Amino acid sequence: MMKVEAIIRPERLEQVKKALEEKGFVGMTVGEVTGRGEQKGIKLQFRGRTMDVDLLPKVRIELIVKDEAVDSLIETISTAARTGRPGDGRIFVIPVARSVRVRTGEEVV
Amino acid sequence: MVLDSGDTAWVLVATAMVMLMIPGVGLFYGGLVRKKDVVSMIGLSFLALALVSVQWVLVGYSLSFGTSVGGFVGGLDFLGLRGVGMDTGDGTIPDLLFMVFQLVFAGITLAIITSAVAERVRIGSFIVFGLLWTTLVYDPLAHWAWGGGWAGELGALDFAGGTVVHISSGFGALALALVIGKRIGFGDHDMEPHSIPMTMLGAALLWFGWFGFNAGSALAADGLAANAFVVTNVSASAGALAWLFASWVKGKPSALGMVSGGIAGLVAITPAAGFVDAMAALVIGAVAGILCYMALLFRVGKGLDESLDAWAVHGMGGLWGAIATGIFAVEAVGGYSGLLQGNVDQFVAQVIGAGAAVIYAFVVTYILAKVVDATMGLRVTEDEEYVGLDISQHGEKAYA
Amino acid sequence: MVLDSGDTAWVLVATAMVMLMIPGVGLFYGGLVRKKDVVSMIGLSFLALALVSVQWVLVGYSLSFGTSVGGFVGGLDFLGLRGVGMDTGDGTIPDLLFMVFQLVFAGITLAIITSAVAERVRIGSFIVFGLLWTTLVYDPLAHWAWGGGWAGELGALDFAGGTVVHISSGFGALALALVIGKRIGFGDHDMEPHSIPMTMLGAALLWFGWFGFNAGSALAADGLAANAFVVTNVSASAGALAWLFASWVKGKPSALGMVSGGIAGLVAITPAAGFVDAMAALVIGAVAGILCYMALLFRVGKGLDESLDAWAVHGMGGLWGAIATGIFAVEAVGGYSGLLQGNVDQFVAQVIGAGAAVIYAFVVTYILAKVVDATMGLRVTEDEEYVGLDISQHGEKAYA
Amino acid sequence: MVLDSGDTAWVLVATAMVMLMIPGVGLFYGGLVRKKDVVSMIGLSFLALALVSVQWVLVGYSLSFGTSVGGFVGGLDFLGLRGVGMDTGDGTIPDLLFMVFQLVFAGITLAIITSAVAERVRIGSFIVFGLLWTTLVYDPLAHWAWGGGWAGELGALDFAGGTVVHISSGFGALALALVIGKRIGFGDHDMEPHSIPMTMLGAALLWFGWFGFNAGSALAADGLAANAFVVTNVSASAGALAWLFASWVKGKPSALGMVSGGIAGLVAITPAAGFVDAMAALVIGAVAGILCYMALLFRVGKGLDESLDAWAVHGMGGLWGAIATGIFAVEAVGGYSGLLQGNVDQFVAQVIGAGAAVIYAFVVTYILAKVVDATMGLRVTEDEEYVGLDISQHGEKAYA
Amino acid sequence: MMKVEAIIRPERLEQVKKALEEKGFVGMTVGEVTGRGEQKGIKLQFRGRTMDVDLLPKVRIELIVKDEAVDSLIETISTAARTGRPGDGRIFVIPVARSVRVRTGEEVV
Amino acid sequence: MMKVEAIIRPERLEQVKKALEEKGFVGMTVGEVTGRGEQKGIKLQFRGRTMDVDLLPKVRIELIVKDEAVDSLIETISTAARTGRPGDGRIFVIPVARSVRVRTGEEVV
């Protein structure tokens, strides 16, 4: 089992959700974060000076899925979230040891 | 005439109430934009107030209320408030008070138009545009209707600014939106209001201040002011309910729709407030609520990013109000009859007055916007817009 | 009588100030509910304003102030504002102005009662209930006290609506809460206010508007208005401090308690504002602060979900104020003496007037609520409540 | 004199408007503090209102306006409002109304000074300090200028409280900040405003209320009130633009700077509002905007945690305004000439009046603060401060 | 060492915290998220139409604990958080390589 | 590859960011959380009673880095975030299986 964490642009959340649904990925957890990548966010020119605006708003989506679903999931998210410009985000995959459904107490994926 | 302390008291308060509407517009709009642009949005309303306040005492009042130059614009008699003093002229309130009452109207008009440039305007360019606009669009229009200009002479009625304030800013906003263009991502991803409670607070201040706006325009604390007050409230309420139900028919009853409908009702009754009675106000408000809602849907359908609907609400609401004045005016209230009392002339005058204002406001705003855009650039860069105006223009973050 | 422009100016403003209290109630309540219901909560206050505004000009004013039908309700003389015009009747302000001043009172009363249905009411049912309630509860009560009805005849004093506005909405809220039932999870998990600053803003607007409410009820800009203004402020302050200290004794000094105590003081002084002096107001306010706090603790202790304490603050505060008027009234202020000046009759009249209002409001509200509940269902489904009214009723999200 | 209903109407409203400024200060400040202290911050403004309201009717009014004891303080003639009634004294408004108009001034002054103790004061100590301060600092200063005290006798002009309200609270805040010390982490880590929109809302209420503050100080609805109204708005606007541009020169145009500049302009015109004309107001406001901004930068540079800049804005703005009155006063407006009309005496009187107030406010506040600190401790513990005053002092959380 | 992440109903947070304390689990990190499970949130009937309200508010609790504490922790959380209705949440267990206390710089659990 | 998660005091975020930059750690994701450690937050004395204020505001910083960077990263964060008093926070290290850059779709670190 894997946890796939994607940090994406907030304005892409709807598209990503839709794409995931179409692929049958329904369960997910979403949170608001801020972040910066290697470009250190966005550089604004300002009267000759440059100002870094780092820590731009991002959305984090997390899905726990079976190992075999990871490839498809990464593909789906990264396609739907891509604009091609810096700041599109990252997807990380983290091994999960166990997963339990609170309602029933049973182990699930 | 001799000063009447009751009239003066009322106009003093009414002026303060209209002033409060200006940040009220800012809060109304500020709630509707994204979190990254709210300081900018509220800031633009304060900026409108400050800029117009200075412009008005220096030149604006004179251009609006100075001796008419061919019915088109006022002369320079009152430049720098020369000759505008503490005594009453031919009214019952001090000249200075009349001047400042008019000032806040000019201020709010510029605040309304910021709808069109929400989340993407360069502040420096807005300052230049704003000064040009209030001078070249607002001041002449005020003169036309109230300052001895041709529209007033023609007999077109505009009790409290349906034409001068709302048509001008609404259709101006339309032109301005066409020039500045859509926000990045408009139509593609959601741009949900970041705080509906803030917008509702703004609406509350607007509704409150509008009593000063309309009933204050009687320039006296008398029966006419009372009538204006009553019809203002009735029209607002009818507009609120109408939009609420209209949105309900299409889906769910929208609370945002309800307050927008309230504003639509307030806008529509503005030119009519001194001329119609409460039952007419019910109709005027209800029609405004539905009409402005339809205008909004139309605007969205056309993919037009006149972002916060100054056109749909103020422009179309003001236009309807101007015409409605020509329909519903009754002799008993303000001394003028409308279509329903058989007076076609009044109706025609209203249509001409409003039509001229629509065209003038749209065309001149379009030209001004083009000029400013060509010279300074109206719009921030793509990165600045993405980051948000609060940070990119002001270096500030609304919420920590 | 001849119109007095000063009186007219004051009542114009007072009316606007009371109108602003209506969204003020919405903000006060809106801050106290959870984030998922704030649009609904503020929306209900706007809805109360809009609904009552239309109902009042059509029938409500007539039912309240038309020629008395047996002391119980007004006749239909003023239906659709027939005969209510710009001239003064036997007052010094235009009839229309008196009408609209009374209108906003009716509006705020319905807004107050929304406390009882917070976070769980169906909007459609609220509209029906609200129209019935203002017509069948508020209008008769207003008639009893002010419109030539039996309570006024009896000599029961209610300067600005302690009985008509506060007892009616407070005890009505109690009945309504009993019918609609507790919110899911009430008593089980925390339902913390989602924004205390919003509530404090609401309190600020209420305190401000209350000067129009109480001092405006003098219907003149005179010494009586000044007295009402002063005692209003004194009582509010005493109430604020009393609740603050009372909460301190039990734990920590609560800022929410302080503003609630301010409202309690404002409520309690309402019926008394034209009859008592500032030193009495200190006592009235302080007692109100403590009494309403105790009522709130009692309510919570009983596990009763009258969610935002209209009963504890408006109901109990109004009841105390009505009785306090009978105790503290002094001849020198409003021409009436109370118990402390040896006038037992006044005290008795106050108790009867208030008691009748308590019973009438509670019983009729209970019946109306039951009827609406049985026919339309007052309450949303469990899922809708869980998701929150903003989304389930309005399709809107307060904060993005 | 006989009561004038128009004057009375205006002062009734003006009083309510000034009252609204008090929570307006709370919101202005509340937006500037961190999320963990906002309930406390707004709460302090309500507390100032409630405390002063009670103190004023019991003793404060008498100490300020009772028969002068050596020009320094009022006698005890009006203790508990004895002899302050509904009839007019030698004015045109009821005595009680004059009393309550003055009350709200005392209230806002205490609210302004809370800047100095933001995010670190013990509520109990603030209550004691506040009562002492309003009694021993505000009341004498009000007496000096307006109650028959030495400064008024000397001819020092203070139309609406530049000295009494703003110098006193501003320089008082400076002293208080020195005693209570910096917030933990001040200068080390960011303490960004948690809600700039809240601060802008506060600024809107302040700007609105200030018309009551300044134009109300004419105590009549007349030409002088109109002049005060106009110059108030002009100075505010000039101040807003000046600070905006000044911040622009140093970096980006700050929206927070713009509203702060508006307040600076409002403060500076306060003492001058009845004595100068609109063109002078442009200068007074613009200078205030720049001066107060520089004072703020100076304060920050010195590492002084007078947290929300009551000193920089109210203290320095008030000082400038007092002096500016001596420069720009023109006979035609208020009957007094300033330096520009060749009247050196007036200028000197202004400097003396303001200078004395600066010294008195600073010194006495310093002593009072030291005494309270030594006896009760002005400041919360380090842990309480870290957790925030909302939880540690009130047991409340602003936002859920 | 494991990180136990529980996504639960916000209104259950107090109960869960109390239950954890009783079992001696004190240190924790809590964040606000939104999420949906397999039912895609809540379906509202609306004049004949159905409307999905997905991404309902949830609370995420994270605790780093020794491996042997995981079972007890899962048990504790899922009991305290359970209402038995859809939306009760999930618990995930993720292996942690290292854990450092900032105050001292030392490795801890 | 590892994910380093640090829970720190909000008022230390700027210092930590600066320290990370100096060491060349640029990409990061930041979120607001609340938390408590073993002391159960802060104890306030209140008229003889003690009141626990738990769940104090914290900031979570996450960085995905190569395994060999972890030591330096921990060192950098814990030095910059340290005040020496309770509440300074924790740093956790979690193994990451994969990391993808959305903009390009490629695997990266």
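All chains are identified by letter, namely A, B, C, D, E and F, in their written order; residue positions are counted from 1 within each chain.
By our rule, a residue touches a chain if its C-beta (ideal position, glycine included) is under 8 Å from a C-beta of that chain, and two chains touch if they have at least 3 such contacts.
Not measured: the values here are computed from a predicted model.
Peer 1: Minimal path length between chain D and chain E through chains that touch?
Peer 2: 2
Peer 1: What's the overlap between the neighbours of chain B and those of chain C?
Peer 2: Correct list: D.
Peer 1: So using the touch definition from the top, which pair is joined by more C-beta contacts, D-F or A-E?
Peer 2: More C-beta contacts join the chains of A-E.
Peer 1: Taking the mean of the C-alpha atoms as each chain's centre, how many Å separate chain A from chain B?
Peer 2: 44
Peer 1: Report the inter-chain centroid distance for chain B and chain F in whole angstrom, where each centroid is the mean of the CA atoms.
Peer 2: Between these chains, centre-to-centre, one finds 50 Å.
Peer 1: If you average the Cα atoms of chain B and of chain D to get two centres, how far apart are those centres in Å?
Peer 2: Result: the chain centres lie 33 Å from each other.
Peer 1: Two or more other chains in contact with one residue: find those residues in chain A.
Peer 2: Correct list: 31, 94-95.
Peer 1: Provide the list of chain D residues touching at least two other chains, using ranges where the numbers run on.
Peer 2: Correct list: 4-7, 9-10, 13, 17, 201, 205, 221, 252, 395.
Peer 1: Could you list each pair of chains that touch, in label order?
Peer 2: A-B, A-E, A-F, B-C, B-D, C-D, C-E, D-F, E-F
Peer 1: Please name which positions on chain C make contact with chain B in the complex.
Peer 2: Per the touch definition, chain C meets chain B at residues 3-10, 12-13, 15-17, 19-20, 23-24, 26-27, 30, 38-40, 42-43, 46-47, 49-51, 53-54, 57, 80-81, 85-88, 93-94, 96-97, 99-100, 103, 123, 195, 198, 201, 205, 221, 390, 393-400.
Peer 1: Show which residues of chain D lie in contact with chain B when the two form their complex.
Peer 2: These residues of chain D touch chain B: 4-7, 9-10, 13, 17, 34-35, 192-197, 200-201, 203-205, 207-208, 211-212, 215, 220-227, 229-230, 233-234, 236-238, 240-241, 244, 251-256, 258-259, 262, 277-279, 282, 333.
Peer 1: Taking the touch rule as given, give the residues of chain D at its contact with chain F in the complex, in rising order.
Peer 2: Those residues of chain D that touch chain F are 36, 185, 188-190, 381, 383-384, 386-387, 391-392, 395.
Peer 1: Under the definition above, what is the set of chain F residues touching chain D in their complex?
Peer 2: Residues of chain F touching chain D: 11-12, 14-15, 42-45, 51, 53, 56-57.
Peer 1: Going by the contact rule set out above, which residues of chain F touch chain A in the complex?
Peer 2: For chain F paired with chain A, touching residues are 3, 17, 21, 26-31, 64, 94-103, 105, 108.
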